[in-house]
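Paired with subunit B in one complex and with subunit C in the other, subunit A is shared by the two complexes that follow.
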Partner chain A sequence: MHLPAIIPWGAPEGFGKQMLLILLSVLLISWFFVAAARRGQMVPGKLQFLGEMSYNFVRNSVGKDIIGERDFRPYVPLLFALFFFILVNNFYGSIPLIQLPTTSHVGTAYALAGIVYVTWIVLGLKKHGIGYFKLAVVPSGVPKAILPLVVVIEIISTFLVRPVTHSLRLFATMLAGHLIIMLAAAGSEFLLTQDQWLLKPLGLLTLAGGVGMYLFEVLIQVLQAYVFTLLTAIYIQGSLAEEH
Partner chain B sequence: MNQTVILAATAGANPLIPNVWEILVTLLGFAVLMFIVVKFVSPAFEKTFAERTEAIEGGIAKAEAAQAEASAALDEYKQQLLDARTEANRIREDARAEGAQILAELKEKAQAEAARISEQAQAQIAAERQAAVTSLRSEVGTLATELAGKIVGESLNDDARAARVVDRFLADLETQSAGAAK
Partner chain C sequence: MEGNINLVGYGLSAIGGAIGVGLVFAAYINGVARQPEAQRVLQPIAFLGLALTEALAILGLVFAFVL
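Take a look at the complex of A and B:
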């Protein structure tokens, strides 16, 4: 159940709360990291240190470790922007009053996965030319007899299933977490407001469970942002690699 | 009326069908974020990291240079110290040798001087003795002759005779004194 859109006013579909939150996230992330990076002091202050630590986390433990020391640098901005964009948009789900992980709307997940999909295909074509498609779907060292089957599987898994799973993984976990918390909250409210005395302890139980799920959900939100970024790095690495 | 609301609700109910607005806003928002990151955030951080790395590596290089300089200076000082010691030893040896030489020369000179002086003294003594003997002999002879002449009353002025008497007397004296000495 969503709030109606702002533009056009009151319409079931249009520019609504979710889109506002996305724009807000862009503003927040830009503001924080520009402020943290601007000074660029040798000995960082608190803000700069926090910014550097966050940047370094994506730069080193995702970019450098997966893509490799040699050519990870150009992809750090993409990985960094993806990670914090998704992280903040996931966190919206755990902020009271906002309570809406914007990535639980499938359009956002499709858009992000689509950006990554186009990126790694273009990178592969740039690096290997049109032969990239052959490189991507024909694995080396497979017997000739089963090669056609393997190629078909590879085409499906790489070019069709990959972007779908990449987007749906993020979207589904966020939507599910959102639903569970909403369900726990609504259920608690319902049970606690019943006249039947027996139902009130059950309401407390669902409330406690809901709090537990809320904390768990925070973990999932970080984890999904990390997984999405990690997979992006792996796809880019695959495009740049010489051998499939 | 009711039917349209339900239809609208069910149209949005399939969560896999995206709202086009979501896609557009996400693409636009992410593009803006990418632009800011590429333009401002990433270069600033990378620049800071590079500067920091350079500062650390430069510091290490500087420290290494300083250490090399220090060890070179130490070697130089050690060499200088060794040279100074050798020089001092040489000077000491020279001084000792020179001293010994001077001492030997002085000793030799002193011995020569002593020998010369004693020789001179002996020669003088001998000459004086000879002079004394000669003068004594003539004087004693004269006195004795005068005395004897006075005693005897006879002039013994005849020189030749007197000299003979004196000689005899002296020879007697010598034999006497030689016998007494034995």
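Take a look at the complex of A and C:
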């Protein structure tokens, strides 16, 4: 997809609105958590409480519950960074005047899912050696006769389809939300500017529906960030587990 | 009218994914209603089920654009 340039002069090729928003999101997230963690007090203030609550959410309900009490600690930073990076980049879709979720560009989603893909394969290889591939594609307790079929399906679903769906899930939902809001707005404009008076109430209806979708999008944005992080935790857990 | 019949096909195939997601969450809600303390255990399973079911709809979207 072509990225429209926002800085007309001196900008490197392909530096568009999305790139600027990603840089802004990194700044925003680091600013927020540095400010929240700077003056740690026994009785937390509002900012500190918000920071601790969001950290605890990722640490406990994603990291600890999925990967397990024993070895979830090294992966908390990855999960935490992923969750908030995606969350802020999704929220851009619902902030007036910005209204462009960075993750609705497929490159962002590919990059994120690529990092996760490399991570869980490397973790599995580290933990089990080269036998990890056998562990990952040969399920236990399957009769020998249908094993060739199952192994082929497992190879496709684990190593080929998994990263694709992981990235496209995020990208497709964000793009769809973006398109729906745009469609509702364009439809309302078209209907409201028609000469026929019968069409004007319909324009108001689409406008109301568009606002409803706009609010519904916020829910989807949080949910997609959660699902992406949860799947990351599940994949990591799967490559650390002893048995398939 | 102009357009691509692929998208109609994708709309039809998305019905399957939609029913699947509905079934997953129906089971999850049933489970939590019967045993509220099991929510922490069931939630990741429900979202894993959501992800696996939704993968089909996503593949459908990809094929709708690619083919």
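Structure notes:
Convention: the second predicted complex is superposed on the first by the 233 of 244 C-alpha atoms of A that agree within 3 Å, B and C clash if a C-alpha of one lies under 4 Å from a C-alpha of the other, contacts with A are read in each partner's own complex, and residues count from 1 in each chain.
Here is the rule we go by: a contact is a pair of C-beta atoms (placed from the backbone, for glycine too) under 8 Å apart; a residue touches a chain by one contact, two chains touch by 3 or more.
Predicted, not measured: the structure shown is a model, and the values here were computed from it.
On the shared subunit subunit A, the superposed partners subunit B and subunit C are arranged side by side without overlap. Judged by the touch definition given at the top, the superposed model places A:Thr206 against neither subunit B nor subunit C.
Looking at the superposed arrangement, the partner reaching more residues of subunit A, out of subunit B and subunit C, is B. Of the two partner chains placed around the shared chain by superposition, neither subunit B nor subunit C is touched by A:Asn90. When the two complexes are overlaid on their common chain A, residue A:Val161 makes contact with subunit C while staying clear of subunit B. Once chain A of one complex is fitted onto chain A of the other, the partner contacts of A:Asp65 are limited to subunit C, with no touch recorded for subunit B.
In the superposed pair of complexes, A:Val227 makes contact with subunit C only, with no contact to subunit B. When the shared chain is aligned, subunit C comes close enough to touch A:Arg169, but subunit B does not. With the two structures brought together on chain A, the opening angle seen from the C-alpha centre of subunit A toward subunit B and subunit C is 100°, to the nearest 10.
Minimum C-alpha separation, subunit B to subunit C, in the superposed model: 8 Å. Overlaid on A, the two complexes show subunit B and subunit C touching the same residues of subunit A, namely 168. Within the complex formed with subunit A, the residues of subunit C that make contact are 40, 43-44, 47-48, 50-51, 54-55, 58-59, 61-62. Residues 8-9, 11-12, 15-23, 25-27, 29-30, 32-34, 36-38, 40-42, 44-49, 51-52, 55 of subunit B are the ones that touch subunit A when the two sit in their complex. The touching residues of subunit A, when paired with subunit B in their complex, are 2, 5, 12-16, 18-19, 22-23, 25-26, 29-30, 33-34, 37-38, 40-42, 44, 48, 51-52, 55, 59, 73, 76-78, 80-81, 85, 105-108, 110-112, 115, 168, 171, 175. Against subunit C, in their complex, subunit A makes its touches with residues 61, 65-66, 161, 164-165, 168-169, 172, 226-227, 230-231, 234.
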